[in-house]
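These are the structures in question, set out in turn.
Okay, so chain A shows up in both of these, paired with chain B first and chain C after.
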Partner chain A sequence: MEIPYTVTARPDTGLYNAKVGIWLFLASEVMLFGGLFSSYVFLRIGSDFQWPFHELTVLPGFINTMVLIISSVTVVSAWAALKARRYGWYQINMIITLLCALAFMGIKSFEYAGKFSHYSVIMHDGTVLDGHPVHESEGTNGDKIAFSGVQSFSVKLDKSTTKFMRHRRINAGAGQPFAKADGQTVRVRTPSGVEAEFTESWLKDLKKKFREIENTRSDLATLRARVEAPRIRVEDMKRAVTGNFPVPFDAAKADTLLAKHASLKADAAPEIAELEQKIAEFGKSEAYKDATAAVLKLEVVGDPLTFVLNERDFGKYNAGEVIFRDDVVLTGQVQGDKIPLMADLIDLRDVKDPEKSLAWKYYPDLKEEFFKHRDEATAAFLQKKPQHANDYEENADWKRAALRVSVDKLAPPEVAKALMKDPAKAVGIERSDKRFYSNFSPSRSPYYSIYFLMTGLHGLHVIGGALVLGYFLFTGRKMYLSNPEHLANRVEVGGLFWHFVDLVWIFLFPVFYLL
Partner chain B sequence: MDHSHESPAPTDAHDSHGHEPMDFAKTIRSYLKVGGVLIFGTILTVAVAYVPWMQFGVHWADTTLGLLIATVKVSFVCLLFMHLNHERGLVYKVLLFTMIFSAAMMFLFVLAYLDPIKHAILD
Partner chain C sequence: MESTLDTKHADHGHDHGHDAHHDHHKVNFINKYIFSTDHKMIGVQYGITGLLFLALGFLLMLVMRWSIAHPGEPLPASLGWIVGLFGDDFVSRWAPDGKISGSLYNMFGAMHGTIMVFFGVVPLGFAAFVNFVTPLQVGAPDMAFPKLNMWSFWLFFLSGVIMVASFFLPTGAAQAGWTNYSPLAATIHMNSDSHFWTGQTQWLFAMVFNISASLLGAVNVLTTVINLRAKGLTWMRLPFFTWAMFVIAFLLLLAFPPLEVAALMQLSDQVFGSSFFLPTGLNIEGSLLNISGGGHPVLFQHLFWFLAHPEVYVLLLPAIAIVAEVIPCNTRKPLWGYKSMVYGVLTLAFLSFIVWAHHMYLTGMGSVVATFFQFTTVLISVPSVILLTCLMISLWGGSIRFPVPMLFATAFLPMFGIGGLTGLPLAFTFIDLYLHDTYYVIAHFHYIVAPGVIFGLFAGIYHWYPKITGRMMNSFLGHLHFWPSLIAMNVLFAPMFIQGMAGFHRRWFDGGKVFEMTSHKYFYLNEIISWGAWGLAFAQLPFIINFFWSAFAGKKAGSDNPWNATTLEWNTPTPPPHGNFLTEQVVYRGPYEYSVPGADKDFSPQWEPVSAGEKTAAAADLKAGHVIH
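Let's look at the complex of A and B:
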């Protein structure tokens, strides 16, 4: 059966099938993005922090807007070319459209990469230092925590895994104290004196034995509980005679229960003996000895181990211990846990007393210049808006101008460049000073959450639209020769979606980059 | 790229509704004009965002103007690129419902923000 109205319009609606479909789809898309824009408004008016303003670089967003406008013109021209039966024109316009899509995603990736490599430290007093950290390499633990001298560690046999070992580093000598330890296993000694390679299969085997012992113990406990239940019931009855709510003792019932207990005991005796025997054997057996307790402490055979850890890799740590979420506990010493940061911006908008900000603990030399800059900014602000003479400290524009200063405005160019780019000039931020440390990912603030959510979703739309249009371009020839109007309809529908993608960006650009 | 020797004859080369024959060059020119308007609008949006409106005491101007220009740009895209200036009734009906539901959704968001139920109980 042939489906009607795929090419020609249905007389009563004046539309072909796909057009009805795409408009219904676009209607649902309007609701989707509408909801997200509302969320943006909500986050912004309800934010308990200084909402970023002009923080994104406008140029890439501006170029991307141009790119999408050009692609919108070409996609509609491609459709018009098909209507006029000019296949060459159609191809050229579609190719430009796809190149625009590629350019858009390229610029977007460039922007994202810049965000992901840029970091932010928020201190307990509200001080914000943005910049680039020194990353981990073979020579340094960078912004990670180096934990060394690990001569023993413990694992929990019902929970732990060997995953923590992937953070191990080895000293390869000559400026490479943190070389990757790929593939090298560690020899350990168990409490019973057995030496073994600490591998996943070895640990799995122990865990299996531990479970076997646990299961036997629990079988025995269950069996005993069942046998003793009638006797315990009789004990309860005896106690109930002198309770707050006395119950007369039912001697006949007690006799029955005790008889039942005796018979159960006799019946279960062989099984209980067997299980007890089994458990006793576990304790004596060499193979099962290390699996009898839940926590297994292992001594490292040979050199102590070194680990380099991200904060998210473990649960908590102190000077002598690292505790992973799977209950592996390393015993050793913290070798280095400061965050080496090359700051490029100091933001004191959320600091109660900027004079005492933690920023000056790390950048004492910039303090004087910072407040000079603040006073200049204040004077300029008050000249423009004398009406705010008494309440300027509450004004968001004043705060932005006076308390959020990039490092290159606070030092001579050479010094500033070194501070922002030279790892040797990085300051070591103490972890106890910071409240938050991350790159500019969605976790940075609700602003960046919704920025990545909306631009990411829009980017997926660009990719989807480009795939569909690319399909029409590369496979369209046959359809064009047999039924050009059908291809024109397809391109029109694909184009409608593409225009919608452009339309969303027309709002995204000012909302995130400009307003 | 001349494919005229193998192209199907443009006998039914009409606009999307098959009434008027399409003048290709004129159509492309009009699309280019709309593209120009959109680019101009984008430049205007950026310019507006950098005018120190605060100084003139109209701090709301950048947001209002920015969104207004965006709305104008979107109207151009909808009307001319998406052919909503001469579409069929069913499409408008679908879009009417979209508008109603969008407005209702925004209204719900505003209600959630104002939280009148809580205030009615507390007052």
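Let's look at the complex of A and C:
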């Protein structure tokens, strides 16, 4: 069997199969990126916060645009070379295309890395402080909190795991207050007095026993509920006589139901007795004793434990307890839960009254200079756009120029450098002041969410396209020798896809970097 | 390539003896039945997987119906086994005393919808039938990209495995309805230890795979129809079935990507903590969520319904496509209004892209936008009515024979009619504000997809079964399947209109018991509807027996064209071999030339040239002043 028109074009459509296919596929890609661009517009128009603009450095984006344009030219040359049966020229052009793809991804990962190490504190009044957290200080690690003196903790047998133990730290000696406790297990004592190493397999075993007991209980409860159902219905019927919507009592039906109840009860009695017996035995058995209750409280044998935790790792905490999302509860004390931040930018665009911003609680020395800068920026703005004399406070451009100021504009160079880089100058931001704390990852704001989603998907397309083109380059010789037209067709189809990926970037670049 | 092909030809020469029209390479079990690239085997794979998913979705619904009809009562053993399918741990976790918890009901509700729509009806109605029938109808040896075809099936299969496996996670499967609206969907499993291994996240993963599979499949179908049509098979000679499938493939191709976008965004919300669909100040259980906020829940609805409205037509059109084949074949006269149907289905497809927000009247979109969508929604009923009317008029004046496929096809017409007409009031905001999310909506779309679409699909299975297996399905069992199903479907869905107008909400897990003050009058209908559901379950048993038994012991089809039909799929050997046709196909005429005057039999297949008798009759007719279709 042979599929027609894989290499030659069908006369009436003028196309070979793969070309029809790729155009259709690109139509669906247009809908994919169309959906994303529409979402961008929707999110931007409907944003209830200051939508970031002109925040990305333009140069790397511009270089990437050029890189992709060059690669689009070379991929066409590669196809033309195949059509002219010049295999060497094809190889050279294809290699340049792939190098461009590599360069693009390199620049992209450089841009991503910068964002992941840069953080932002958003406070309750809308104040935003961007900067870098200090990585090791006073028992906290960057944005993390230390929790120590843990002498007991509890686990829930239908949910908890031992994963929280990976946050455990040990005292590693002077100058190095905390180190990871990899590989060191903890001994615990259960309520029934059993001592054991607290390991995944030990906990799993207990959980399995708990499940076994629960399943037996469930069987018993189901059996009882089925036996009781007719009797409960009779109770309901009795109650319905005087309810809001009285239903006359049907005595005959009630008798049938009660008779059914009696017979079900008699039938199920031996099985119920058996299950009750089984559950009673679980309670007495040494091996199953600790697994009878859902919550298991464990005492730490030996020194109290210390944990260093990221807020994302757990659900809630207070001065004496940390509750993880898998319902592990640690009992101990919080130590130093401030965020040690070296701010490099103050953004008060979302603050109602910038004079009273929480920023000045941490950087009182910069306040005066900030408002001086604001007034200068306002004057400059009004000179450029006098028509906004009355409504400049609503203007997004003015807000950006006047209320979002980098620290090096607010202090002499030496001081500013120290504020931004010297851990000793870091301020400790109280957790009660912050509403949200994040690096410049998708969680930072919907702008960064869609930036990462769109550029990430585009990047995956670049990788996918490069893999396909690379396959044509490295395995193409055999096909070139047997059927050069087929290889040219393949490269044409790959090239069409490559152009599409390029085109998407042509839209992405202005949307994210320029607008 | 040429040289490798040559060697294959040489090999072929050697095994010519035992495998005359099979493919050149040797076919072992795995390549033939599992990783097959043959469109017919892939069609059968889709069909069987789709039927299994339909059965699963149906079983979940039975459990839900018990909870509605008998709130607070433990599941009887006759239904308890369905929950038991998921294992003892699942039972003791979600139904510890044998009673259906609200979470379990939500889980089954969300999965019933998801499985039925994306894993049951679309794979069976579109993927299975398009794969088996369309390449045959266009006279092609296979799909344009056979390997891609195999990949899309296995991608789909993987998505199904993920979807079913999510039941076994500690969080259970997704619980936020098949529409999966954020913020509920994004926060329901927020307290889970891992944000990756949750039912909600895995639902999204499964959907991303499912969508990708659909996209690949759609590209394949479109390319096949565009580029692999047989000689003489012009666009207006395409059977309506293939036209409809062509249109569906376009809907999938263009409507699914926005849902993929929505799924990726929600995935990002769950795994990376972003806030695409999460508004500022979102509070759960009294505490502020640790997220940036600033996103839009309504954006999800727009993206979702931009897909999901065209998806409605993806569900519906395969049934219309099948019925449009079965009716002319059994009335022995041409399909009435073939061209109007083709233009109708194209208009329908176009309009289906601009009606999506009629699912969202309750979001407060403003009267201008709402008016636009009311207008387009009412407009789309025009092509739908054209399709249905053409099918009805096709019955007129025919000497109708009633084999089992025709029973289902004729029952489709009024059932779909009820479903469609009861949808009209919902197009208007002032009615929809009242009926939104009630059982009225449930009844409306279930009339379309259950006794409508599923009857259409059953008609297709009975109709093409002899081509697939070489044996007919048993007619007695077919009747035993059809009549009880027809009655049970109506007992099941008709009372829901009454309940809906009485204000019964679609997501009440206790059937409205807590709202007894207002619901008591129509509470008794819950039990009647559930009787319909049990009846429907029993009515499927003859089908299941028939489906397997007939493949081995059914009456032999006797000929390659047992229904005396006219389209190209009946011109292959039975069952069709790899490569399908023995000779290159040439098409001489339109798809539905039944009872042509002057012809020597009452059907004139597309592959037969116009005979001398037909020519004379046509000339005489023309002379008499009659216009010939």
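Points to keep in mind about this one:
One rule holds for everything that comes next: the second predicted complex is superposed on the first by the 412 of 515 C-alpha atoms of A that agree within 3 Å, B and C clash if a C-alpha of one lies under 4 Å from a C-alpha of the other, contacts with A are read in each partner's own complex, and residues count from 1 in each chain.
In the analysis below, a contact is a pair of C-beta atoms (placed from the backbone, for glycine too) under 8 Å apart; a residue touches a chain by one contact, two chains touch by 3 or more.
All values reported here derive from a predicted model rather than from experimental measurement.
When the two complexes are overlaid on their common chain A, residue A:Leu514 makes contact with chain B while staying clear of chain C.
In the superposition on chain A, A:Ala27 contacts both chain B and chain C. In the superposed model, A:Thr292 lies in contact with neither chain B nor chain C. Contacts of A:Ile69 after superposition on the shared chain: chain B is touched, whereas chain C is not. Once chain A of one complex is fitted onto chain A of the other, the partner contacts of A:Thr306 are absent, as it touches neither chain B nor chain C. Looking at the shared chain after the overlay, A:Ser47 reaches chain C, while chain B stays out of its contact range. Shared-chain residue A:Ile450: touches chain C; no touch with chain B.
In the superposition on chain A, A:Gln91 contacts chain B only, with no contact to chain C. In the overlay built on the shared chain, the residue A:Ser357 is in contact with neither chain B nor chain C. Between chain B and chain C, C touches the greater number of residues of chain A.
Shared contact residues on chain A (touching chain B in one structure, chain C in the other): 13, 15, 20, 24, 27, 31, 34-35, 42, 46. Chain C meets chain A in the complex at residues 1-5, 23-24, 72-77, 80, 88-89, 91-93, 95-99, 140-142, 144-146, 170, 191-193, 215, 218-220, 222-223, 226-228, 253-258, 260-262, 264-265, 268-269, 272-276, 279-280, 287-288, 290-296, 299, 302-303, 306, 516-517, 520, 578-580.
Chain A meets chain B in the complex at residues 9, 13-15, 19-20, 23-24, 27, 30-31, 34-35, 38, 41-42, 45-46, 54, 58, 62, 65-66, 69-70, 72-73, 76-77, 80-81, 83-88, 91-92, 384-385, 397, 480-481, 484-485, 492, 495-496, 499-500, 502-503, 506-507, 509-510, 514-515.
If you check the complex, the residues on chain A that touch chain C are 1-5, 7, 10, 13, 15-18, 20-21, 24-25, 27-29, 31-32, 34-36, 39, 42-43, 46-49, 122, 158-161, 163, 211, 214-215, 217-219, 221-226, 229, 232-233, 244-245, 311-312, 315-316, 324-326, 435-436, 438, 441-446, 448-450, 452-453, 457, 479, 482-483, 486. On the chain B side of its complex with chain A, the touching residues are 1-3, 6-10, 12-18, 22, 24, 27-28, 31-32, 34-35, 38-39, 42, 45-46, 49, 52, 54-55, 62-63, 66-67, 69-70, 73-74, 77-78, 81-82, 88-91, 94-95, 97-98, 101-102, 105-106, 109, 112-113.
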